[in-house]
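Two complexes follow with chain A in common, the first pairing it with chain B and the second with chain C.
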Partner chain A sequence: MTAITPTTLSATSLSPRTRAVTEFVLDNLVWFILATVLTVFSLTIPQFFQIGIFSNIIEQSAVLGVMSIGLSLLIIAGHLDLSVESVAALSAMVVAMLFANSGAGLKYVLTPEWLVFPVSLAIALAVGAVIGATNAFFVVRLKMNAFIVTLASFIWVRGLVQKLPDGRSAQGLPDALRFLAIERYNVLYIPLIAWIAILCFVVFAFILKRTPFGRHLTLIGGNKIASFRAGIATDRIITVSFILAGAIAGLAGWLLAIRTSGATANLGTGMLFQAFAAVVIGGVSLQGGVGRLSGVFAGVLLLSSIHTAINLMSLPASYTQIILGLLVLAAVLLDTLKLSIRQRLT
Partner chain B sequence: MTEAGQPLLELKDITRRFGAIEALRGVSFSVRRGEVVALLGDNGAGKSTLVKIIAGGLEPSSGRMIFDGVERTFASPAAAKAAGIETVYQDLSLCTNVDVVANFFMGRELTKNVLGIRVLDEKAMEDICAKAIAAAGTRIPSLHVNVEHLSGGQRQAIELNRFVHFGGKLVLLDEPFAALGVEQTRRGLDMIKRVAAQGIGVIVITHVMAQAFQVADRIVVIRQGVVAGDIAGDKTTPEEVIRMITGDAQMGRQASA
Partner chain C sequence: MRLLRSLIAAGAVAALTMSAGSALAESKGKIYYMVPTLLDEFQTESVHALEKFMKDVGYELVTLNADSKTDVQQSQMNDTIILKPKAIILAANDFEALKPSVEKARAAGIPVMIFDRQITSTMSDLTSVAGTVEIGYIAATEIQRLLKEKKGAVKGKVLQVLGDPGDSYTLDIQKGFEEKMKAFPDVTIISKPAMAWEASNAGTIVADQMLANPDIDLIFVHAAHLAVAAVASLEAKGKKPGDVMLVSSNGAPVGLDLIRKGWENVEVEQPLYAQAAALAMFADKVVNKQEIKPGKYSVLGLDSELAIEKWGPNIKIPGAAITKANIDQPKFWGNMKAPTDAVKSVE
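This part shows the complex of A and B:
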């Protein structure tokens, strides 16, 4: 614009164009990696290049993707929520116990039948929000460490998931819910639950990037004291973030219940680490303040692509574990690399 | 305007303890509208503590504060800011993970209404920020570069431009020129004079005697948590102020007058 155009730039030899392109590639690096990986898989693995496979990858990403959104928000705000996996399981279990028709299911039928859709959704969100609020209470009010608080929730909430149905499972959700996961209702080959996840990513990416709330979240993650001094209601924003992360985990649980048509006592175990992996691979910094939800989405897709490829090649599942671990390390390495490239840009 | 009227800020016997340490042991002085007060004192004298108390970031252990004619205690920086107190802290208060514009508008982002949703108005913020920074003659490579890539001086300039732009009634500057070069410091001192000419009260902390004498209408010296001297800038000398700071002449000229 005025005096601050790149002409007043001191030491940069890069043209603005090269610089813009490099920035763009760095910002969206995970997407480029995803594209590369998909191309390599398509060329080397027989039967990989099919609509069915791709739609499967997206479908598999739905629940993990939604869970990763809440986790990302808190990590960007400079905190942590280890409880998302258990919270999702609890929401799934509560919904399944109320509305499933076998096992621990209580078979509540609402009239008209479609009411089960909004009611179960509201219950799942509320369960998540309540646990998010208790996490917030301990972290914000009592100033306890978020790692410890949410680790405790991770454990006791899972205990609740096992206790509520007395270790049994609850299976068989009504069609008014199941239709979200049934292939017949796919839109553009993509199942409805995956569309819900995509919608969540769009909405929360917008909130993070374009609203004052999202801006404040990022500022707090960058420098909490500076944000506080600047008059930002840091405690309120962190409280809201915990509640949001809980509610989003509740939504993930709702989708999980629908996808598996019920809930078991160990539903979703292991998802926390996958969510963490996706978040880190997606470029969210565990230091806080840095990250984009589009990257996280790509991270989730990358994980399910690799998962699917391993299945197709009928390799043992343990391979996934090993690759996942390596991938997380690679992501962190990549992050340092990106930083040094960026420093050379300015 | 109300030059002769009541002071803008009046501190009465402010104390502050940190456990066994008495950082402030009863500080009283006042600032009028349009007046520049230089706050001097050795390391650990209690200057930053006092600034934080006025700015709402710390509560005094005892004492009263009258701002704009009303007795106030600010529970948070947000409350002090809402009352019209702008602060530039000694340890810089920027978020290095976001760009210059986001820092400039931190906590008071401009928004526009899109379909009933409050959305950040990036364009408007960028324009205003560009104007403010250009007017101050600060050279920053790009407004969209994250602050982590800027030099200490550039960072300090952002904070200075921020208070000039947002104004308010009282400005607190805690060693604002520590990282600035000669030219930037000169501009900074000009900024202070310009801001004061608008009727805004200024408290500026500095260790550089020349800077204090250049801008200050009054010089207040704090030593070991108490006011060791409070004197008009044109009625004293650097030597005398140094004696007040170190405590060689107990109360400076005030006592002997």
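This part shows the complex of A and C:
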């Protein structure tokens, strides 16, 4: 019997085909984990294996998924943004306050009614972009630490969410917005908000992989000084990344408001850590320079699957936290293992 | 010159009068209100109500927000004790964890009044509650009625969506509700907590459970803002108002709105204004450490019972079930018609 040791897994000992398969598995490890988890849940949890549940998982992934995109971009660029959760909540609150018809809602009605769709979306994106630009100013111009700057934004923006409606909630968004959460198309019965999230993943995965901006972003995250010396406008790209992350968080907030038909002062609480978990599970390195959005999408789906499974089982909610914590730890361990296997492949 | 002198003199008199007036208004001193969070409408409105009623009886209210964190509230209690206010009003994040803080304040000679969230494990100077366990009782009674009306007997499946599982408030409601439902074994109760009282978590629970248990007859959520997300999920599943019965608690404006739209059947009201007014009515007696007599008192027109319990004087304001039939009564705080008449101290 031959034991498989790191030395036996050297590049020379592998055929090109085995090597390609190994590379493929490593690149898509989180998708394999997701498939395994879904299979296990389907076999062991009563009522889990049905289209409606899978549709729920995708729907529940929409907001977290969109939020994770912006966070991933910044982490890949070698920074981070702790404010995305509060930014999403603020965008949701601003949209809800303007257009909701009860609570703190100001009941603005646009004519024709469908105008509320682009106008509210533009407002949500603008709110996010402004906060993203503020973060960028402190980080890029004043050379302050991104962790501290965005932590401060996380706190003051949440304060604003609380203060604007004076602690009240704004509920009852118009049908011209709510249809996104209600209408479902195709065989999977997936609501439109989930399709928006999927579209965002496709677009930003393309931007990250196929455009100079995306490639520069990854290079900056890998080595900022080398990128600067290579003539890449590092400051400009990081500034744009912060603004993008803010605007994407604004989009997440817009979707969140539509999904819950309004906003409360504590809307989205806890999503930041879930977004971080999804990003890490999805294989984005916290060191920067490494990561793919397809992995992040799988990470988000994995988290939502676990949440749904726990909802369907008679497990106390605290188990969710324990499982998520262990999962993040496992993801980091796997990442280390992947790195070590890759080094031996090359 | 004479005109200028007259103006200065008039200004000085006005300033003196104003400062004397303000000194008079503040002469009774400050009372600190430890609000557990400002992230829900009940708590926000409680600040407004207490500010107004305490001002009516001559006290200035200072509010400290614990942001749902027990340790923050403990620190706030410690800091406030050093400031030696006339009294502290506490709506505890965690009933047991705040017990030593209550004892410390009282040992320092600062009276402690308990608002809304009853602490029965130690002495306090006055407690004003509708009763969290009692909210569960009222909800159970209403749910029994609704199930009987729909199914001819008290039977069926109920999804109970709690708030954060670390909050004693929601656990007490659950306790009261399940205690009263024990007598009906044909009712299956599925209980799930919405972490951090966050609306989308409640929405997700409802979406998942409606698939796993499509025969759910009724959803009972522990706060009105969670009911909104529950309704959003029902709507997304193609349900219409009335398809699944809905009961919520705390009486927030959004809950009343859902009743008006036909989505919700019952909202269990916490009599916020009366609970706050009761503290103001007895504030002088509490601050001056005078005896509070048990008996019946009318608090904003609600007949309330004050009893001397083992944890001190306890005034219980009756909660109410809000339905379509009585929803427009201004006494319900969810209608946001705060009383304008001044509260008077009990002699």
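In this text, the second predicted complex is superposed on the first by the 329 of 346 C-alpha atoms of A that agree within 3 Å, B and C clash if a C-alpha of one lies under 4 Å from a C-alpha of the other, contacts with A are read in each partner's own complex, and residues count from 1 in each chain.
The rule is short, and it goes like this: a contact is a pair of C-beta atoms (placed from the backbone, for glycine too) under 8 Å apart; a residue touches a chain by one contact, two chains touch by 3 or more.
No experiment lies behind these values; they were computed from the predicted model shown.
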Answer with first, second, both or neither: which of chain B and chain C does A:Arg259 touch in the superposed model?
-> second
Contacts of A:Ser340 with chain B and chain C, given as first, second, both or neither = neither
A:Arg215 contacts which: chain B (first), chain C (second), both, neither?
-> first
With the two structures laid over each other on chain A, which partner does A:Ile53 touch: chain B (first), chain C (second), both, or neither?
-> second
Tell me which partner A:Ala226 touches in the superposition: chain B (first), chain C (second), both or neither.
-> first
So, does A:Thr111 touch the first partner chain B, the second partner chain C, both, or neither?
-> neither
Could you tell me which stretches of chain A are touched by chain B in one complex and by chain C in the other?
-> none
Inside the complex, what are the residues of chain B that reach chain A?
-> 55, 57, 76-78, 81-82, 87, 89, 92-98, 102, 106-109, 111, 117-120, 126-127, 130-131, 133-134, 139-143, 145, 149
Using the touch rule from the top, collect the residues of chain A that touch chain B in their complex.
-> 1-4, 6, 8-10, 12, 210-212, 215-216, 218-219, 221-223, 225-233, 288-290, 342-343, 346
Which of the residues in chain A come into contact with chain C in the complex?
-> 46-47, 50, 52-53, 56, 59-60, 63, 102-103, 162, 166-169, 171-172, 178, 181-182, 191, 256, 259-262, 264-270, 307-308, 311-312, 316-318, 320
Partner chain A, residues of chain C touching it in the complex = 37-41, 43-45, 165, 192-193, 195-200, 203-205, 207-209, 211-213, 225, 228-229, 231-232, 235-236, 238, 252-254, 257
